[in-house]
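Once you scroll down, you'll see the structures, which are given as structure tokens.
First chain A sits with chain B, and in the next complex the same chain sits with chain C.
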Partner chain A sequence: MDPILILLLAMLGFMLIGSLIAIETRDLLSSVICVGAVGFGTSLVFLLLGAPDLAITQVVVEILVLVVLVRVVITRRDETHATSRSTLPVGVVLLALGVMAAVVFGALAGGPEEGALRLRPFGDPLMSAEVPAAQLAPAGRPDLAPAGTCSASVGGAFLEQGLAQSEASRGTGAANYVMGVLLDYRAYDTLGEATVIFVAVIGAYAVLRKVGRSRHAGNESDR
Partner chain B sequence: MTLQMVPYMLTFLLLVAGLYAIVAKRNLVKVIVGILILDYAANLLLVLTGYRTPPAGQAPVAPILTGGAAQAQELAATAVDPIPQALVLTSIVIGLSVAALVVALAVRLYEKYGTFDTELMRNLKG
Partner chain C sequence: MQGMSLIVKNITRVVAGFIILFGAYIVLYGHVTPGGGFAGGVILAGGLALVVLAFGEEFARNVLTHDVARLADSMGALLFLLVAVLGFMGGVFFTNFLPLGDVGALLSAGTIPIANLGIGIKVGAGLFGVFLALAAFRRATSGGSAAHGRLP
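Let's turn to the complex of A and B:
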């Protein structure tokens, strides 16, 4: 058996146990620290799957989230959760979620052999499937199709041609292909991502600011 | 069910655990924890679909050229899929923004009601 698969399964089991402890423990601080463990486990799994950029980003994000959450939880006493029960009966929720997960997973993993939604076995991405290159020709112009076969996924085509900078290939020339996608092909997406971050920061500031609330000082229920 | 599907299955379980916390927990901190776990699981599922088993005895190959242009052909045959990684990189950062906003809302609610328990926030009951 593949040692990477064994390591991956061990890490996923660790994350699953960590998340269950985080969800079920009574102490909020323990809960937050357990979710931090799950986040760092995610980072290790990314490293294991050949995604160092993701692992670095995940560590940074995890540290930020952990610091903020610990700061929020550690100064606020909230003992009510120790005695409170769940909003909905746990059995009903678990049954509904279990049925949902089984149906979705069954549809993804057990679909038709050539279905568009089919989840391919782990380690065999869509990228490594080959299709006749004629399928990629523009509509009505089969004469423009390249000869032979090509990768079924855009990822494969990008790995083959991403480095070359010629008129025909439209490669980026970036040695790191992930960053090539992120900062070249999908540059507008990255700009939108920066916009989302700043909107979230402005939103958090607007929710938490102290200035401006005094205008409603007469209305106690609004405070 | 082959062994090749087990990583997907475990990630699905992680996703369901996050959903469970969001749906069934009364405490806002637990709900935030559920959102974070859901976020990790969804990202992980996407990256798992792009994994390619490396040649026997080697580590997984990241889609990064380390040996110059001469290595490009070899990389195209062995590296993992860069597209899910590029999309998930965006998704991780957006998850951070969402978490920051939700934490801010929870802190504000605590200021107003003195508790994280949604059942005790009478004015919020729908």
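Let's turn to the complex of A and C:
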């Protein structure tokens, strides 16, 4: 079996165990640390799948979130309440685990024949088909098509045209294709993301502000 | 809060500059190597958060204030929007109007490094501001009640 696949499955198991501990543990600090472990597992999965941009971002965001959460948890060290455990949630969890084990078993043990329960290889239908490059041209501009054949996916088209600086297709000039897509081809998306972050930061300021709150409280106490 | 012990402060003095330098590298070389504005901005915010955690809230109140974070946040967003609007020089919104240069060089890819810089400043300042609001000022505003409520 592919060693990458074995590593991926090991990471998935590690993340599952980490999430279960994070849900079930009584201590809030242990729960936060388990959430962090799940995040680092996610970044390793990204790295194994060949997405270093995502892996870097995941690691860094995880560290910052972990610092904030640990600080908040240490500041107010109240522990979660002990709840009486009914059998229904445990049963649901066990059922979900069983279904997941069945799916994983089917994915690994199914043969290559048609109809078997089998996971496709990563990126199989999207990134592997070869089509004539003329189909990749924008509507109404067949002169923009690259020569020859290339893969049918959008990724293939970006790889074909991303660096090219001919008269026909203007590339981005960025050696990192991901940045070329994020900030040139799909810059509108990035603008939307930036707007989302901006609004989220404003919302956090508004919720956590102290100026309006304290004055309001002062007025209340004056009365 | 007076910050942490002398060991933490000294190690922070040595390390924080390198962390911030690495964040700036990730932002500026986003179009050449993996990374980019968002990841580099979060690294910058993490380095600043380390400084604030080590040196205490006095440092945050005097040097790295909330207003600075808010200003840098808005400036980064405006820089990104400026790049977008300047695309009208080349035709439409977000046109890469600058010369593309050699692939792999630092000064290449047209407007992408500038947009990366804007996003890096924006994300770094925004997350650092949220960190200040969440972690640092929470205790300052609640004052003695938080210290009172803390378990030994």
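Note that the second predicted complex is superposed on the first by the 148 of 223 C-alpha atoms of A that agree within 3 Å, B and C clash if a C-alpha of one lies under 4 Å from a C-alpha of the other, contacts with A are read in each partner's own complex, and residues count from 1 in each chain.
In the analysis below, contacts are C-beta pairs under 8 Å (C-beta built on N, C-alpha and C of every residue); 3 or more make two chains touch, one makes a residue touch a chain.
The model shown is predicted, which means the values in this text are computed figures rather than measured ones.
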{"item": "First (chain B), second (chain C), both or neither touched by A:Tyr188", "value": "second"}
{"item": "First (chain B), second (chain C), both or neither touched by A:Val67", "value": "second"}
{"item": "Chain B versus chain C as contact partner of A:Thr42, first or second or both or neither", "value": "first"}
{"item": "Partner chain in contact with A:Asp53 - chain B first, chain C second, else both or neither", "value": "both"}
{"item": "Chain B versus chain C as contact partner of A:Thr172, first or second or both or neither", "value": "second"}
{"item": "Partner chain(s) touched by A:Ala204 [first = chain B, second = chain C, both, neither]", "value": "both"}
{"item": "More chain A residues in contact [chain B versus chain C]", "value": "B"}
{"item": "Intersection of chain A interface sets (partners chain B, chain C)", "value": "52-53, 57, 61, 64, 68, 72, 76, 78, 163, 175-176, 178, 180, 182, 190, 197, 201, 204, 208"}
{"item": "Complex contacts: residues of chain A adjacent to chain C", "value": "52-53, 56-57, 60-61, 63-64, 67-68, 71-72, 75-78, 163, 165, 170-176, 178-180, 182-184, 187-188, 190-191, 194, 197-198, 201, 204-205, 208-210, 213-214"}
{"item": "Chain B-touching residues of chain A, taken from the complex the two chains share", "value": "1-2, 4-5, 8-9, 12-13, 15-16, 19-20, 22-23, 28, 31-32, 35, 38-39, 42, 45-46, 48-54, 57-58, 61, 64-65, 68-69, 72-73, 76, 78, 80-81, 84-88, 90, 93-94, 97-98, 100-101, 104-105, 108-109, 119-128, 153-156, 158-160, 162-164, 175-178, 180-182, 186, 189-190, 193, 196-197, 199-201, 203-204, 207-208, 223"}
{"item": "Footprint of chain A on chain B - complex, ascending", "value": "1-21, 23-27, 29-30, 32-34, 36-37, 40, 43-44, 47-54, 59-66, 69, 72, 75-76, 79-86, 88-90, 92-101, 103-108, 110, 112, 115-120"}
{"item": "Touching residues on chain C, where the partner in the complex is chain A", "value": "26, 30-39, 42-43, 45-46, 49, 53, 70, 73, 77, 80-81, 84, 93-94, 96, 100-101, 103-104, 108-112, 115-116, 119, 122-123, 126-127, 129-131, 133-135, 137-139, 141, 146, 149-151"}
